[in-house]
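We just call them A, B, C and D in the order they show up, numbering each chain from 1.
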Amino acid sequence: MKYLRTRITEVLTPAPNYKLLRFAGDEPIPARPGEFVMVRGEWGVHPVLPRAFSLVECGEFGSIIVKPIGEGTELLAGMEVGDVLTVFGPLGKGYDMDNAGRRPILVAGGVGVAPLLYLAREFHDAGTRSVFIYGGRTEDDLPLSEEIAEVADLVVTTENGARGEKGRVTAPLTRLLEEDNNAIVYSCGPDGMLHAVSDASQAVGVPCQLALEAPMACGMGTCKGCAVMGTDGTYKYVCYDGPVFEAADIFEAAS
Amino acid sequence: MSARLKAPLGALTLDNPFVNASGTYGYAVEYADFVDVARLGGVSVKGISLEPRPGNAPPRTAETAAGMLNSIGLANIGIEAFVRDTMPRLRELGVTVIANTFATSIEDFVELAKRFDDVEGIAALELNISCPNVHAGGMHFGVSGEAAGEVTSAVREVTSLPLMVKLSPEAGDICEVARAVEAAGADVITMINTIRGMVIDVDRRRPMLGQKMGGMSGPALKPLAVRMLYEVYQQVSIPIIGMGGIGSLRDSLEFFMAGAAAVQVGTANYAEPGISLRLADELDAWLAERDLALTDIIGVAQD
Amino acid sequence: MSARLKAPLGALTLDNPFVNASGTYGYAVEYADFVDVARLGGVSVKGISLEPRPGNAPPRTAETAAGMLNSIGLANIGIEAFVRDTMPRLRELGVTVIANTFATSIEDFVELAKRFDDVEGIAALELNISCPNVHAGGMHFGVSGEAAGEVTSAVREVTSLPLMVKLSPEAGDICEVARAVEAAGADVITMINTIRGMVIDVDRRRPMLGQKMGGMSGPALKPLAVRMLYEVYQQVSIPIIGMGGIGSLRDSLEFFMAGAAAVQVGTANYAEPGISLRLADELDAWLAERDLALTDIIGVAQD
Amino acid sequence: MKYLRTRITEVLTPAPNYKLLRFAGDEPIPARPGEFVMVRGEWGVHPVLPRAFSLVECGEFGSIIVKPIGEGTELLAGMEVGDVLTVFGPLGKGYDMDNAGRRPILVAGGVGVAPLLYLAREFHDAGTRSVFIYGGRTEDDLPLSEEIAEVADLVVTTENGARGEKGRVTAPLTRLLEEDNNAIVYSCGPDGMLHAVSDASQAVGVPCQLALEAPMACGMGTCKGCAVMGTDGTYKYVCYDGPVFEAADIFEAAS
């Protein structure tokens, strides 16, 4: 774990409402797919807390993808090359890439693409072909899909049908799982999507790992803020026990 | 740390006046990989109760203007696990440990104090009589002088550790509470804990936090904390550790000049886990430039 | 203003729920050139006392994290000049005037109320029993239910105006004070006034304000204000006007959903003197989109 | 008085630590020299209050000169072309240009240059020649001196002697007043300078108008925040009774 003062080296706009910030500090922050960092700019007393972001890449440069949804993400999305970004990490428990011969199916929505693009690249580098189901409301909600297509079999869905299959990620996922359930599912995205992915996977007994979100303060298990109730009736901490969990540990199987 | 940073607190002297506040730094061991936790003035560990506590229903944190709310509910591993598993590591690391304890009855506060009295490597005991996040308990000791005095006396009788009592800004009259805990034998006052606030999630049309209310901390709290410290300083002669919203050298100077013999840093740890060490170095430079020691500036903003 | 914005407050109904808070909008006439002050839900004028008051030693304002302190000390022209010089202009402009009054004794509160009772064009009387900025007076009425009840009863006897009583966040138990003023005949509760804070000027090594302490207002106060409103709403049945840090539609929605029948906007006027009208329009659109009236959302965040 | 949402149209750096912001809204804010505006950017909840600035020019474009000394001025100094600036004014009582045949001597230090450059231009346009004594600590504290030289007789002082006369503005001012006391003094600058200028003017019975500063909230006489004690023992409000005052109303003559 490191706390680094980095500088923004590049700002990209991979889709109309998304920013990709690349940054570099004195040393890299080595992180596995699904692990995250807490970041903050030098913006004074408000907002006080850093914000959690999954790493899209790490090495000489780190990068995160930011979707502005509130004050913190808006400040970050407005940052420019040269600005200071404090980065603290790597944090949390990422995806377990031990797929035990099962075919990896990655299912992403929105900024959920961040850890899963990283995961797809790692599978690709390890010689494992993965399927990447990527859902958006419109074609504007699919940042980095070209990059995904380079390393995985990309299946796109949009709710308005503007690109790929019309509808949600659950349709192709269910189809793929029905075709061949020697699979393992990795997902990250909005809450509703995670529930659906969990249901679809648990229904056919396919292992499924989900990355959750929760409001965080410390990011490292000390503040006890990011609790979610597990299926065993005890609280899990998203920053520490997760953010990646076995679906069955968090969501009951649909009955 | 240079001698000019020494912070005398009665029987105890801290190497520097920056202590990490309870609940914002876990048990400190979590940070040992990348922060030299032995150099911290001290660490007030996450509030410890007799039994482990799971904490409150989530969400447990929400942001506010220049601050945050928390309704953690004192989730903690309990004294047994703390003493057995965590203390050895803290001793090994050389951390100045302040044992922040929490209970809902005087008997339990006494029992906690007794059990800590034997534990090697505890620098001081801090009674959290001001937690706003636990039903039926905690804060009610902190809002009246009488109750605060009673719990302090009871603990004083059973502990030989330096005794710190942490005050609540929700006391009807915080000066009265301060005088009462001094009279009851506290060695140090620590202040302030959070003040209860609420954020409504206007989309869901209900309070944001699972527990509805939570304690507000961070910069927004600072003017209240400084004012209360300034007032309490005039009424007691035991040293005071100030806190509430400290995030910069200048913030800490406000507390020292208002009368704090040392300070605690809470919420700011989240943005920068090593901030207390940075502030200690900055204070050292500031004092050196003016050829002063910390003790020269304590309370100078009082008349 | 559309009907859906109507804010019933017992005998009085405001055309829209945005009232400018006392002390932050002068006597409203100053803004008439460029703000349509008649369209405001109302204006609580700068606190009026029997005699003119020069105010406290400067500096009188200081900024804090997402807030400010003021120690104005109720500088005002006094009731005579107000009624003689200002009221005619306010009537002419058609402003909904809430007469915020301030005194240090029950007799003076009563005298002020009597004199306002005859004045044409006063929509309501607001008793400021919560000003933290005057020595020997003001706030002490607001910190205990007994004192608050006494002054309210005394004024109730002599006034036929809708009676608003403004509560202090420094009350030991604000719910007790709220119940007491309701029982004593208040028609409306307004809450909250500022809470005392301090900023130390670390360069000069003394408090920033001439008066040392000042009342904190602005966004930093909002979580406290919403929490207290939420609590008081459960304990009284008269309407409550909420305030503390409102600067956006969403801020005001938090107050309405927590239980405010109307709100006051204070510090935000400094940044945008016409903000209340903008918020009224924004609220209108928000309600229209959802086919709701203001009264549909009051208190919906309560269980 | 107007409250306008304007946009920054130009950002200049007239000296290393000064920014000149030019802005335009739907209408101009007509102001006299010494009158001021309250401005704020769209920076959310902190700092809450707007900041007071003297206008350097007004018309189709308004402009202010900003010296970063704290959070508000730093945020303003960081603004860019296109950013929104809310501007509220004109406020206060400016300089009285009725010089009754006396020679205007303008004395400025630091950002005090703003209202006085405007005043010098107005005197120039009205055919009145003025002297402009401009003091800085170093040559970097003299923004806009070229512009001043175009409209007035410029006398520069620097404390380190790097430019103009070594020392403070009081030396040339006293000299000029001794040469010819049929003068009128207008000043704006740091507190110490204002005191010295007041003393020098009152000593020889020359009328003197000073622009003061005080922490402000409302800027228009309603909050009663910006009080200063007058020589008559009553409080004056800088935003409303001033910011320009007769020296004798504020500072006792030195004895």
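Here is the rule we go by: contacts are C-beta pairs under 8 Å (C-beta built on N, C-alpha and C of every residue); 3 or more make two chains touch, one makes a residue touch a chain.
Note that the coordinates shown come from a computational prediction; the quantities given were computed from them, not determined experimentally.
Should one ask which of A-C and C-D has more C-beta pairs in contact, the pair is C-D. Averaging Cα coordinates per chain places chain B and chain D 47 Å apart. Look at where the CA atoms of chain C average out and do the same for chain D: the two points lie 36 Å apart. Averaging Cα coordinates per chain places chain A and chain D 54 Å apart.
Residue positions 45-46 of chain D are each in touch with at least two other chains.
Residue positions of chain B touching 2 or more other chains, listed in rising order: 65-67, 218-219.
Chain-to-chain contact here is organised exhaustively, every possible pair of chains being in touch. Taken in their complex, chain B has these residues touching chain A: 23-27, 30-31, 33-35, 46, 54-55, 58-63, 65-68, 70, 72, 75-76, 218-219, 247, 267-274.
Chain C makes touch with chain A in their complex at residues 65-66.
Those residues of chain D that touch chain A in the complex are listed here as 44-46, 71.
Across the complex, chain B is touched by residues 64-67, 69, 143, 172-173, 195-200, 202, 205-207, 212-213, 216, 218-220, 222-224, 226-227, 230, 245, 250, 253-254, 257-258, 297, 300-301 of chain C. The residues of chain A lying in touch with chain B in their complex are 1-3, 38, 40, 45-50, 86, 88, 214-229, 234-235.
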